[in-house]
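In what follows, chain A forms one complex with chain B and a second complex with chain C.
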Partner chain A sequence: MRRVSPLILAFVLVPFVIEAVWVFWPALQGFWLALTSWDGLSAPRFVGFGNFSDMVSDPIFRTALKNTAIWLVLFGGLSVIGGFGMALLLQRERRGVGIYRAALFTPVVFSLVVTALIWRVFYQPDGLVDTVFRTVGLGNFVRPWLADPDTALYAVIVPALWRQIGYVMVLYLAGLKAVDPALYEAAKVDGASAWQRTRYVTIPQLKGVNSVVLSVIVIDSLRSFDIVWSMTRGGPYHSSELLSTYMYSTAFQSTQLGYASALAVVIFVLALAVILGYLIRAFREES
Partner chain B sequence: MIRRTGYHVAMSIVSFLWVAPILWVIVISFRSFDDVAANGLGSLPHSFTFSTYKSAWEDADEFRALINSLLVTIPAVLLSLGLASIAAYGLARYSIPFRRTILLLMLMGNLLPPQILLIPISRFVELIGYYDTLIALIAVHVGFGLGFYTFVLHGFMRDLPREIQEAATIDGAGPGRIYSSVILPLTRPALAALGALSFTWIFNDLLWSITVIRSGEKMPVTPALLGLQGLFVSSWNVIAAGTVIAAVPTVAVFLRFQKHFVGGLAIGAVK
Partner chain C sequence: MTGLAADRRTFLKGLGVLGAATLIPGCATSTKSPGSSGGASSELSLQSNLSSEQAKAAMENLVAAYNKTGGSQVKLNTVAAEIFRTQLPTYLTSANPPDVYTWYAGSVADSYAKKDLLLDVTSVWDSMGNYSKAMQSLSTSSAGQKIFVPTSYYWWGMFYRKSNFAKWGVTPPKTWAEFVAVCKTIQSKGIPPIGIGLGDTPWVASAWFDYLNIRINGAPFHRKLLAGEGDFTDPKVKAVFTKWREVLPYFDPKGKSFPFQEATSALLAGKTGMFLIGTFFADSAPKDALDDIDFFQFPIIDPAVPVAEEAPTDGYFASKKAKDPEGTKKFLAWLATPEAQNIYVQSSSGTAIPANPDGKSADTPLVKKGKAMIEGAAEITQFFNRDSSDALQPTADAALTKFLDKPDQIDKILADWQTAAQKVFKA
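Showing the complex of A and B:
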């Protein structure tokens, strides 16, 4: 290959250094701070793994961890099922399909704050949700959805799903488009039913998309912050707290910066397997 | 025939339910305060007014918030794509030592959960005297987004045929010239897709804004919308109007760049 000119080196190094300053260096500091106790005023004090052992006896941490797991299963699982189902229903180009796709996709362009406010209007006492429940005779179930510790988490998951399903659908639609139609023809000739074609042709062909969707969903779930913060701030009584919201309020409201960094490290460790999987796949494609 | 009708009826209902929350909020945004107070948020409208939009636009100063958003988003998109494209060009078209390691490190940076960066970044911008400035927000968005954009553009540039570059070299073009007049024009579809995507990502951001910006008059529109809730407690018609205003720019970008946008989302999926 050709000799590398100084200009090309600068082309690569300048962006790399910018990312190093704004991402790599702060990330290393973040890992270091996780081993300290720090109020932001005096110097950080090294405490080893003290923050992590504190977590074991921290009930809010356990709630946040449990809620993050629920979030991963419900938000992640349902958005994959919903998105894949919708993609199957809307994959064939025919009249009207464009409109249906656009309808499902519309919420994806909104910010999560906009999504949150749309649904807060919905959930208001005597708002549309309550009205609908009363109309169909379920008036007994009506409650302050976001202010009731039993329902708050689920009342936040619904809008998050509303926005995510269209996104997952688009990923699967792209994947389905890439499946060779000859495979379906062959299966049809062999007498496979529609269900069998989905099960034995479509799903195996989507292996690549599945792993991308899986990584995106896990990373998105662990990062989820905006929607919870805009709807409940993790309350009431931490009932909708996720690790990400707990980390934020620990850092910027109670300024326990060491403990908050340790919480961030927990989020990182949970995401690590997926990040590594993603990188290994990217690495293979490069070679 | 019956099956097809059934399909369209079912899908029309699903689609309608999907956009219903949006339509409902638009309807509420045009209702007067008295109407909402008398009939509740769940009732059909009995009034029509633009005063809600005036309140959101002027009293809550969403106009300024929108300007802030654009002041952050447009430079951040241009800078990230500019920097990512030169890095991708160098990595894809020249045998830089450790090129694969560099590329993967850059991608890895983007996959990190942002939580790990929040505290060090807020301290760092304070240290360099840029806390509570839009410049800090631009820098954060550029730094954090670079890895992903570089990775995608690298994949795109690598697949361009070798011959065009060789032909340009024979014609006496240097590396900078080849970048600007050969490679970049050929990368336009990928740049458009990433441009549309990154515009919405940066415009819609909440976490970084509330981490590096404090004063209300510097807040972009997405975090400002949360402040609106405190300002107009239980004036849900004004909050609805504010929500509609904040949603307009990304919807406009989406409608204008629809094909690129959906294509961009799918970039990762078909690899």
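Showing the complex of A and C:
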């Protein structure tokens, strides 16, 4: 076996050491804190799995869990459908198609906090959204969008989607570029309709991209925080709380750092479960 | 084949660790404080949360003035208010903490003293004999030591535009019945009588809870409740909400959507009639509109209850681990002087009143009236978070905003509040 050059070794080890100090170690500490009760001032007190059993009877945790599930399904599902749809529409080189692609991708460039600020202006009383509803004769539906517990979560999902669809579209556009045109020709010769070509050629060919998109979507859904925090702070009265925002407010507003770490562990386990489930299946099919 | 399996396992393991890394915030149990310079002992570090433009400039003037007196050199480190609040426990528990901090008097300071993090400044109070009794007790820890040096306070009141009240033909009410009558008149003119701003600043609703509670049940009951010695499901607490419900129809429905700054604009623009707020709202109001602003005391509900007012007190405390305790105390003693407080009041927005009775407050009718109201009060409360802890505030925010939305669910709301508060008191 050839000796590994010291330079390569350095390239591996230096980032590893940095990661270990700044990432792995705090992460492990998070697991330990999840088993304690800690206010950030006194020494952490070991409570075993007490934090996790508290969660079972915590109504805010249940709301946050339910909202995270809604978020995963709506935000994840709609951004995949929307992104894939847009990619199909915009994949063929036509005059002006670049403008549409750019327009859809622009929201990705803004930071989510900026996006949130813009949308808050849209949603404010007598703002753009209210005006549009009144103009089309739906004035009865007008409500304080971000301050009504029935609409707050959905009012936040819309701008999150506005951004995510552009991102997913770009991933799919790249994937579509990689599909061999000969396959479509062959399918056409065999008399496949446009729908059949999409169903039996395009979608199977995008398997690689799909796993990337799925990981991105699941991770993005579970760590969605900035947009919710800057638009509603999980309010009004916890009705738009996600696990991530609940974790933050528990940690830094209520200073229950042990309980917050336990919430973080739950988020981690959820993300891992979804992604591992998919990856294991994908690997099995390959081998 | 076996090679692939092994690869897969390592890959998944790696992914797991990476996943943990991205999803779990680094809750470090010990951090170095950014504010401390740890250099020569003749330099004091002052950690300030007064980050708004005017207040920050006033602090710079203040520090520059002290540095000319020839004591220790003070280095001012201004931190954004929100960051300061969340980082304060970290500052105080770090190995090399900043020496002096801006913060609030009352329970909130005592909660740090209970953890033995604050410097005993009893000797500083030797030169502060002229301070009021209320200030003294606010600055004393539950262990009986002085731990805080108050430098200024402000007041809360029901603010309104004089010209609008004249236009609507109403006069400032004194009692609850008069207040309800004023609300009715203003509403009949098509204006929402009571402004509020709960979007982003839900804590503004706590002023209503505080005031109704101190008017109905009195300040001692209020303080005990906030200290965890009462129960939010107590019928006396429910009485507060029953009273509140009488005026709920008069609240501006749009107030749920915007923060108190916009509620201030709504008041100034005549889109709401009155607004229960602290004088800090003046920071976000145009100067010319301020001349038309007046306030009245929160209406009296039960004349038998000694009148209490909300007058949050600001000032300083120092870390137990201050590198030069004598120099720190000297600086604190200077901050307590009328000269130092005048420098601050003159160069800030001017609605703060010096804590030292010999200090000069801004010479406007509004400030004079506010000062007289506070001085005439039998009891002083601070504000919800200051009379309890910053950790209890979010539980109040959830309960009160829900009440404003769904007043008929009050029993469930109070039960949930008690559960949430219990968790905070236990932590």
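One rule holds for everything that comes next: the second predicted complex is superposed on the first by the 263 of 287 C-alpha atoms of A that agree within 3 Å, B and C clash if a C-alpha of one lies under 4 Å from a C-alpha of the other, contacts with A are read in each partner's own complex, and residues count from 1 in each chain.
Just so it is clear, a contact is a pair of C-beta atoms (placed from the backbone, for glycine too) under 8 Å apart; a residue touches a chain by one contact, two chains touch by 3 or more.
Keep in mind that this is a model prediction, so the values were computed, not measured.
Of the two partner chains placed by superposition, chain B and chain C are both touched by A:Leu222. The larger set of touched chain A residues comes from B, when the choice is between chain B and chain C. Once the two complexes are laid over each other on the shared chain, residue contacts for A:Ile203 go to neither chain B nor chain C. In the superposition on chain A, contact is made by A:Glu19 with both chain B and chain C. Of the two partner chains, chain B is the only one that A:Ser5 touches; chain C does not reach it. In the superposition on chain A, A:Leu146 makes contact with chain C only, not with chain B.
Shared-chain residue A:Leu279: touches chain B and chain C both. Touch criterion met: A:Gln253 reaches chain C, while chain B stays clear of it. Looking at the shared chain after the overlay, A:Val265 reaches both chain B and chain C.
Residue contacts after overlaying the shared chain place A:Ala186 against neither chain B nor chain C.
Judged by the document's definition of touching, chain A residues 19, 22-24, 26-27, 29-31, 33, 124, 219, 222-223, 247, 251-252, 257, 260-261, 264-265, 267-268, 271, 275, 279, 283, 287 lie at the interface with chain B and also at the interface with chain C.
Only residues 19, 22-24, 26-27, 29-31, 33, 37, 39-42, 44, 54, 59-60, 123-125, 144-149, 219, 222-223, 233, 235-238, 247, 249, 251-257, 259-261, 264-265, 267-268, 271-272, 275-276, 279-280, 283, 287 of chain A touch chain C when the two sit together in their complex.
Only residues 1, 4-5, 8, 12, 15-17, 19-29, 86, 89-90, 92-93, 112, 115, 117, 198-200, 202, 253-254, 256-258, 390-391, 393-395, 397-399, 401-402, 405, 416, 420, 423-424, 427 of chain C touch chain A when the two sit together in their complex. Chain A meets chain B in the complex at residues 1-2, 4-5, 7-9, 11-12, 14-16, 18-19, 21-27, 29-31, 33, 89-90, 96, 99-100, 103-114, 117-122, 124, 126-132, 162, 166-167, 170-175, 177-178, 208-209, 212-213, 216, 219, 222-223, 225-226, 229-230, 243-244, 247-248, 251-252, 257, 260-261, 263-265, 267-268, 271, 275, 278-279, 282-283, 285-287. By the touch rule above, chain B contacts chain A in their complex via residues 7-8, 11-12, 14-16, 18-19, 21-22, 24-25, 28, 40-43, 83-84, 86-87, 89-91, 94-96, 99-100, 102-122, 124, 139-140, 142-144, 146-147, 150-151, 155, 174-176, 179, 200, 203-207, 211, 222-223, 225-226, 229, 236, 239-240, 242-243, 246-247, 250-251, 253-254, 261-262, 265-266, 268-271.
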